[in-house]
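I've put the structures underneath this note.
Two complexes come next, and they have one chain in common, subunit A, joined by subunit B in the first and subunit C in the second.
== the complex of A and B ==
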């Protein structure tokens, strides 16, 4: 049995896809009733979603109210006991803080640098050559297996590893640093890896958003004597907002579920000192503890789900423009 | 018409989705009937393990029983992946027929309902004079559920050349005198550091000697559902701090590159200075599996070309084996049958072969299972799988018969003529496992970070102990931690 992943992003996409189809069908072909085609064509997605995402989601909620373990065959409903324990557990609070910390540390530089690179690469003034080539290079780390990357970085930064060897010989640091026994370093390394893996993907989405902005806006702005910064602030950013909301929400969902890199990098328990113990690692730790507390693990999963949903809704609410009704509606459903 | 076409198309889409499930079902059915028909010809036994070790025995077993096919699955246990996978498979009823269990988690499973009763093999074990502690480890409430092919008394390995250099002698008895308890051990570490000007470390990591302290506790970790912190844990904290603060250990991590590098003298610190490790605290299996394979020069690729260069030197013959500061035992692999397996008889037969078969144990210990030997049985195993001589087996009868054969074995050459097998044979009957419990692994893992923090001076004793207790509470919510 596996703990189901809580992929609300699939839910979000699905509802948007469905609603769009229905709306379009209604508007365009109101005379000939083809409404049910929408349902029919989305049926494959809906069925898979119900079976492999929605059912596990509901089941996780159910499990979180039981005391099921892997080492015994019987279990019973225990109400909110798992949650009560969770809130007394300082590890949960710590994992919550860790997850947000690592996500913010990687997301802020990620969006900043991706934005900067996107402006450069799409700029009609700079006319940078080989745009496709750069885009590919930046995207490449995303293709690698996270497990491979974690092992790679672990070896880079190990006490007898190349970073220490090169760093000390070049005089960058005086003595070898024990990176993975130091919380600050370990958190930074995880944040760096996350940034390095994902800024290329963010870059591509932002570039797609930027190229879809009509050039005529920029041309007329130039005629009015606007400089690059003005154009970025007054044209690019506002028109990019839907794309930014999308990036923010998907990154948040991914960030809240961060697991593979921090798990593989050290001992799988968020060492040193639980500094990279994310909520998903805590969930896995409960699941793989010596009795295998499925109920307790599910309660962590439910909390991740609730936290992610609330933050995503908050982001959408804060970023959506009141005049931009369409985005608003879409967003609320996502 | 359009309507019909699009309707058909969408139906196709939906059907396509489920075709995956459908196909696998039918193919499953096919294989089922096939196996039913050919059951007399070939039986399949599924074995799960956490190393390649037992695979050697499965191949040998197939050599003896050509009508048996063993499906071997290896899942690493670095961060406990094997245990987790096994637990969830067993809970879902999708487990294998036979599982191997490592010392650190064997009790969890022995104390659960997931394993078959193997008590009817006990008379065989009695004939072979299987060491009692290996049987005790596999027994819960009078039911024996697992047997082991190994016994794993601990030992202490040191470099002869370095001993001569810093103590003027490499005589095992004299060195044993010098490290016969932890106080003297620490003193010896100091001598080595001073005489080598910090270029030789007593041990490669603090993790090396944690097992010594765990093995010599008075009380187990858990008594009546309460966590018990033995005074030995305090001692461990102090000595770890002393070793870290005084630079008696190389700050490597056990089972990682720097730790292995000490074995073939290829350890280089960040400034490029070569460093040496005086000793490793390893049990029986540490010799053939860890020390010997890693004490030869390693070939590494030269950057930017296809050429290779060798790193390190051959340290074989430069080692000696003694008891060390404290008696201990470490590790060991137990084999058990999963409850409800359809192949119980075959599973028992395999367990009997692997753990309680005189011929197999002899072959295992004496290095008969070479790659060529195994390849003749199964040509698909690749060029690496083989079992070197020197593992210490669980049967006292076998041990007594073969001990003298090790006088000229590779392991003895490695130790410059010392027959380690004989000294293990003396230590093995005295091992007791009364301290071992199902929760040990979780508790001892929880101690890693606090110990490291205290050793490096980042935390006071109180902080470290609190951190330890919190971690235990998190790992074992049912335990009372005061």
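== the complex of A and C ==
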């Protein structure tokens, strides 16, 4: 009884070894034969990317050196004339300042609150319940249509709107405030909407980063007698850096292109006093003006592109010093 | 004793802050939905958290003034569904190629995607507009749908997802059984990648559904307006005093997304985390 079983086992091992050999041979073979599928499978991306993303970008750069308008059929190359005009244009300088101002006003509270909430929700001491539900609700504003949000908040903050009704009734303001005629209020409302839409998303990313930090770091720090602030500063922050760089860069790229909310909240020209006219709105205004200054609008687009890329590179360079470059790259990949 | 009572106090404070933030997140949306059912005089009297019974009147006022919401709905649905299918299919295909095959510029493509995720894309809209007008594609949905084949964000996600879920042995086994490469991609990779595909699909759908800027620049025919473009017109003079109708129009535009969110929030929340951090 014993011997045949053994034989079967040996035989079985032989079959497995044999099939492994076959697989190895086939694998070698198939690798040589099938790798050209790599080109085929990436071809749709490459073709569409070149046609619909890369070419329009290059073409925008080209247009920024021309004096093309919608009305005239002919145009000529004018060199850096559009750019020279931009830097003398007080609207452009203002839109540049506005864009940075609105972005910083929403980003600083956004990262601060998200960080605080992430520490709380992941704390093993506090043991907050329903973590999943909290962050699901905080993320909700992010998936709503910006067009809807802009019109909604326009109604909320209009002169006869609910904010004034409640504010006056509770005695918070003496009289109803004409929010959209006051630059300070309007900028704050835009920054608030941006914060409202994005802090949940930032929270989720930071939480994922925090939970991927090994608990053993905290345990050994606790043995050494560290308090929670020390642990946050010496363990959480340094290990979270790649995630923070990711958040900072993606938020910056989005913030520099801000359009929907400031465009739809007031008259589409950044009123009052051009206080919420972002660079993207200025680009659209030049494009949709009576004459349709294609060249000038393209030069604004090119400037946004350059400013964004330089700032992003600067952030990555400043925040990733040599010692943790490796982890940083890993973090950006994911 | 002291320690645990302090923890309890902190916990109370945390729940208080969380509740305040919850109210800030939910109240605007709740008021929007409630006001959609109230009449204009009711809305002017003050805010309420309880629905009223003016829904049908608001609906009539809304649709009688040329606000063809169904057309906008259909247009947006058509674009978003097409975008979703193309994005999911071709992003997975690209990521699959990166992980399964060895070919010359594989590393370059991988790096390119990482860079593209961080590059501003809206800034080339002027060149895009001129280019599309030369190709006679203004007022067409082609420039809104076809670029979905090359969506760096989705590809980035797909590469992350497949890296951990592709089983090379399975692919080899299928090859031995004589399956073609495309069949393997369809029949073996797709079922494995299904949860990831759902997440990608939701993000692609929501992104396209909410997109305002590109259609706004490219489309000028009222008949072809997408939903965000229609919603934007609610701010204009036509509805100046019809607050109930304005709120109803806004409510209709977000209800599909709210339903998607209620059904799939788990995928969405996990998806954001996965797109940025590998756990």
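One rule holds in what follows: the second predicted complex is superposed on the first by the 278 of 334 C-alpha atoms of A that agree within 3 Å, B and C clash if a C-alpha of one lies under 4 Å from a C-alpha of the other, contacts with A are read in each partner's own complex, and residues count from 1 in each chain.
What we mean here is this: a contact is a pair of C-beta atoms (placed from the backbone, for glycine too) under 8 Å apart; a residue touches a chain by one contact, two chains touch by 3 or more.
Computed from a prediction, not measured in an experiment: that's the story for all the values here.
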Partner chain in contact with A:81 - subunit B first, subunit C second, else both or neither: neither
Touched partner set for A:312, first subunit B, second subunit C, both or neither: second
Partner chain(s) touched by A:156 [first = subunit B, second = subunit C, both, neither]: second
Subunit B versus subunit C as contact partner of A:291, first or second or both or neither: first
Subunit B versus subunit C as contact partner of A:204, first or second or both or neither: second
Subunit B versus subunit C as contact partner of A:136, first or second or both or neither: second
Partner chain in contact with A:165 - subunit B first, subunit C second, else both or neither: both
Contacts of A:48 with subunit B and subunit C, given as first, second, both or neither: both
Most subunit A residues touched (candidates subunit B, subunit C): C
Which of subunit B and subunit C A:37 touches, first, second, both or neither: both
Residues of subunit A that lie at the interface with subunit B and also at the interface with subunit C: 37, 40-41, 44, 48, 155, 160, 165, 169, 287
Of all residues in subunit C, those that touch subunit A in their complex: 7, 10-11, 14-15, 17-18, 21-22, 24-26, 28-29, 31-32, 44, 46-47, 90, 93-94, 96-98, 100-103, 106, 109, 114, 116-131, 143, 146-147, 149-150, 155, 160, 172-173, 175-176, 181, 185, 206, 209-210, 212-213, 217, 227-229, 231-232, 234-235, 243, 246-247, 250, 253-254, 257, 260-261, 265-266, 268-269, 272-279
Residue ranges of subunit A in contact with subunit C within the complex: 22-23, 26-27, 30-31, 34-42, 44-46, 48-49, 52-53, 55-63, 68, 113, 117, 120, 125-128, 132, 134-141, 143-148, 150-156, 160, 162, 165-166, 169, 196, 200-201, 204-205, 207-209, 211-212, 243, 246-247, 249-250, 253, 256-257, 259-260, 264, 280, 283-284, 287, 294, 297-298, 301-302, 304-305, 308-309, 312, 330-334
Residues on subunit A engaged by subunit B in the complex (per definition of touch): 1-2, 37, 40-41, 43-44, 47-48, 70-73, 85, 89-91, 155, 158-161, 164-165, 167-169, 175-176, 178, 181, 263, 267-269, 271-274, 285, 287-293, 296
Residues on subunit B engaged by subunit A in the complex (per definition of touch): 6-7, 10, 13-14, 16-17, 78-80, 83-84, 87-88, 90-92, 105, 108, 112-114, 251-253, 256-258, 261, 267-272, 438-439, 441-442, 445, 448-449, 452-453, 456, 467, 470-471, 473-478
